[in-house]
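After this come two complexes, each holding subunit A, first together with subunit B and then together with subunit C.
Up next is the complex of A and B:
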């Protein structure tokens, strides 16, 4: 499994298209246990990312690409998802600076740094029904032989049954059980696209 | 005099709080970094950064819930200016009252941060 600058760029463009397709689903989920803007916010952010990627011909390395994506998300998504998804890419950049292809431990280190960054930013941990419940299993699976697709599927199913303990959804308590967390779903969209280029 | 930056999801909420604070500490500079464009509810890093650029002195940021806190911390990490800007995660209304009154008395950012710590860790 190898992630190249070109591969990540492809995954991001595909993520932008997929977010657009699932925009209403993300917003509807957020209406159930949040403030009902997740699909709109993510769509705005990834549309901006897509534009940045299309405007710039090439990137020196994964660090430069990740940093641009992170800053764009921070400035355009808004809400909690802006700082959280932005942090993912800003942290990738710190580990992958100067590298145009990563695999093995270096690939893992980037995702580990990202998941830890999200945990710190949201003062959260796995098990609280957040994007971390998808990001952490995905990160650990990079060290195993388990198919990433299956790991993402299982993580989503598990997250759905959890009780929300962070963010707006936490005010719903037990009523949040059985409803999917919008941030976990949008994370799965991104990670699926990354898994695809990793496997390809 | 230490400035205050209010980051609420609602611009109106922050404006209302500003009115309350003006009764207690009329001379303290208060920046409203709340809400989104068009009066929409939410918080946004760029609004906080805009408040940073209009500071007249060092400052303290106070927030309401969830994303306002994350956006405040993010904006602080991205800040490259010379002002001493600190964030304290305390109840917005009560925290802003204490901070505004103390700022009006000429206390420093460190002294106000300490006062907030003492008051809200009880």
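Up next is the complex of A and C:
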């Protein structure tokens, strides 16, 4: 498994298209468990990312690409998702600066740094029904032979049954069990696209 | 959905432009971003105050910008925290050289974005402190409690302390005192509609109400059949008076945006009567739309335990649209 600058760019463009397709689904989920704007905010952010990527011919390396994506998301998404998804890419940039292709430990280190960054920014940990419950298993699976698609699928199913302990969904307490976390779903959209280019 | 709309994507920008055009003596818009600042700026040597958050709560927060209250308000998308770069613009606009206090409502998005902005501002050499308002007792766990209408009292008290020339740490202390002593709870009869999606923030059946609703339509404590207002008030006050035990209070009966002023005064009658029966002394009272939720029909009650210091700050002059206090 190898992630190249071009591969990540492709994954991001595909993510933007997929977010647009699932925009209403994300918003509807958020109406059940949050405040009903997740799809709108993610769509605003990834539309901006797509524009940035299309406007620029090429990127020197994964660091430059990740940093631009992170800053764009931080500036355009808003809410809690802006800083959290932005942090993912800013952390990628710190680990992948100067590299145009990563694999093995370096690939893992980028995702690990991103997951830790999200946990620190959101003062959260796995098991609280957040994007981390998809992000962490994905990261660990990079060290195993398990198919990433299956890992994402299982993580989503597991997250759905958890009780929310962070963010606005936590106000629902036990009633949040059985409802999907919108941030976990949008993370799965991004990670599926990355898995696809990793499996190349 | 019935809304006055031009372009749903321009909803907040249109509101901000309208506010500035409507009150040119009070406001200036920071170029290119939805941040409203005091026309005359923060006086040199005075602590600047910045608040903000998602839009849809008007007159919060821009309505509290002016002499004696906030220096700048950062207006995010509807019910969505503003981004760190926007908050940074607010901080820069508010800086009068004596540091800036951020007054943040306790939502994970607001807390994270204001926190990132604080880090950015400190890199630019501006001293920044933060207080987090969590007055909504509908949530059991105190650290998860939301910031709601009580935030307006925090704006007023911190603003008066800043205008009195207090230092950043003293202004922060006054704000924290207010936060420790203020509690709120709300209810709704009908939801609000998101301008971009046109959908209601939540569903409520006819003849149903939600007790403990948040200002974004977040889930409250329970749903039940609509009761006469005296019974609703009794339930809300049972919960509030369990937490605010000091008997000398400032009282706010706040409209959620879709409640006629007539109904707010009707509610006020029963709130004040019942508080008197519970032997509270209402030192100051405020009735109106202070922290709204688009067109939600409902109201909230806020109790602030006061002493002479806090009363002095509440009574200090304020040149604002949302909380005007005339100078003696």
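As a working rule, the second predicted complex is superposed on the first by the 200 of 200 C-alpha atoms of A that agree within 3 Å, B and C clash if a C-alpha of one lies under 4 Å from a C-alpha of the other, contacts with A are read in each partner's own complex, and residues count from 1 in each chain.
In the analysis below, a contact is a pair of C-beta atoms (placed from the backbone, for glycine too) under 8 Å apart; a residue touches a chain by one contact, two chains touch by 3 or more.
This structure is a prediction, so every number in the text was calculated from the model and none was measured.
*Asks:* Evaluate whether subunit B and subunit C can sit on subunit A together after superposition, giving fit or clash.
*Replies:* They clash.
*Asks:* Using the touch definition from the top, say if A:27 reaches subunit B (first), subunit C (second), both or neither.
*Replies:* second
*Asks:* If we overlay the two complexes on their shared chain A, which of subunit B and subunit C does A:168 touch? Say first, second, both or neither.
*Replies:* both
*Asks:* For A:182 in the superposed arrangement: first (subunit B), second (subunit C), both or neither?
*Replies:* Neither partner.
*Asks:* In the superposed arrangement, which partner chain does A:121 touch: subunit B (first), subunit C (second), both, or neither?
*Replies:* Both: A:121 reaches subunit B and subunit C.
*Asks:* Name the chain, either subunit B or subunit C, that contacts more residues of subunit A.
*Replies:* The partner with more contacted residues on subunit A is C.
*Asks:* Answer with first, second, both or neither: which of subunit B and subunit C does A:63 touch in the superposed model?
*Replies:* A:63: touches no partner chain.
*Asks:* Name the contact category of A:36: first (subunit B only), second (subunit C only), both, or neither.
*Replies:* second
*Asks:* Would you sort A:75 into first (subunit B), second (subunit C), both or neither based on which partner it touches?
*Replies:* Touch status of A:75: both partners.
*Asks:* For A:84, is the partner it touches subunit B (first), subunit C (second), both, or none of the two (neither)?
*Replies:* The answer is both, since A:84 touches subunit B and subunit C.
*Asks:* Given 63-71, 189-197, 207-215 or 261-269, which one is the stretch of subunit C whose C-alpha atoms run into subunit B?
*Replies:* 63-71
*Asks:* Which residues of subunit A are in contact with subunit B in one complex and with subunit C in the other?
*Replies:* Residues 35, 37, 74-75, 78-84, 121-122, 167-168 of subunit A touch both subunit B and subunit C.
*Asks:* Would you pull the subunit A residues touching subunit B in the complex into a rising list?
*Replies:* 35, 37, 74-75, 78-84, 86-87, 121-122, 167-168
*Asks:* Please give the residue numbers of subunit B that touch subunit A in the complex, ascending.
*Replies:* 36, 41-46, 65-67, 70-71, 73-74, 78
*Asks:* If you look only at subunit C, which of its residues touch subunit A in the complex?
*Replies:* These residues of subunit C touch subunit A: 54, 76-85, 107-109, 112-113, 116, 139, 144, 194, 196-197, 199, 201-202, 214, 216-219.
*Asks:* Can you list the residues on subunit A that touch subunit C in the complex?
*Replies:* Touch list, subunit A to subunit C: 27, 31, 34-37, 40-41, 44, 74-84, 121-122, 166-168, 170-172, 175.
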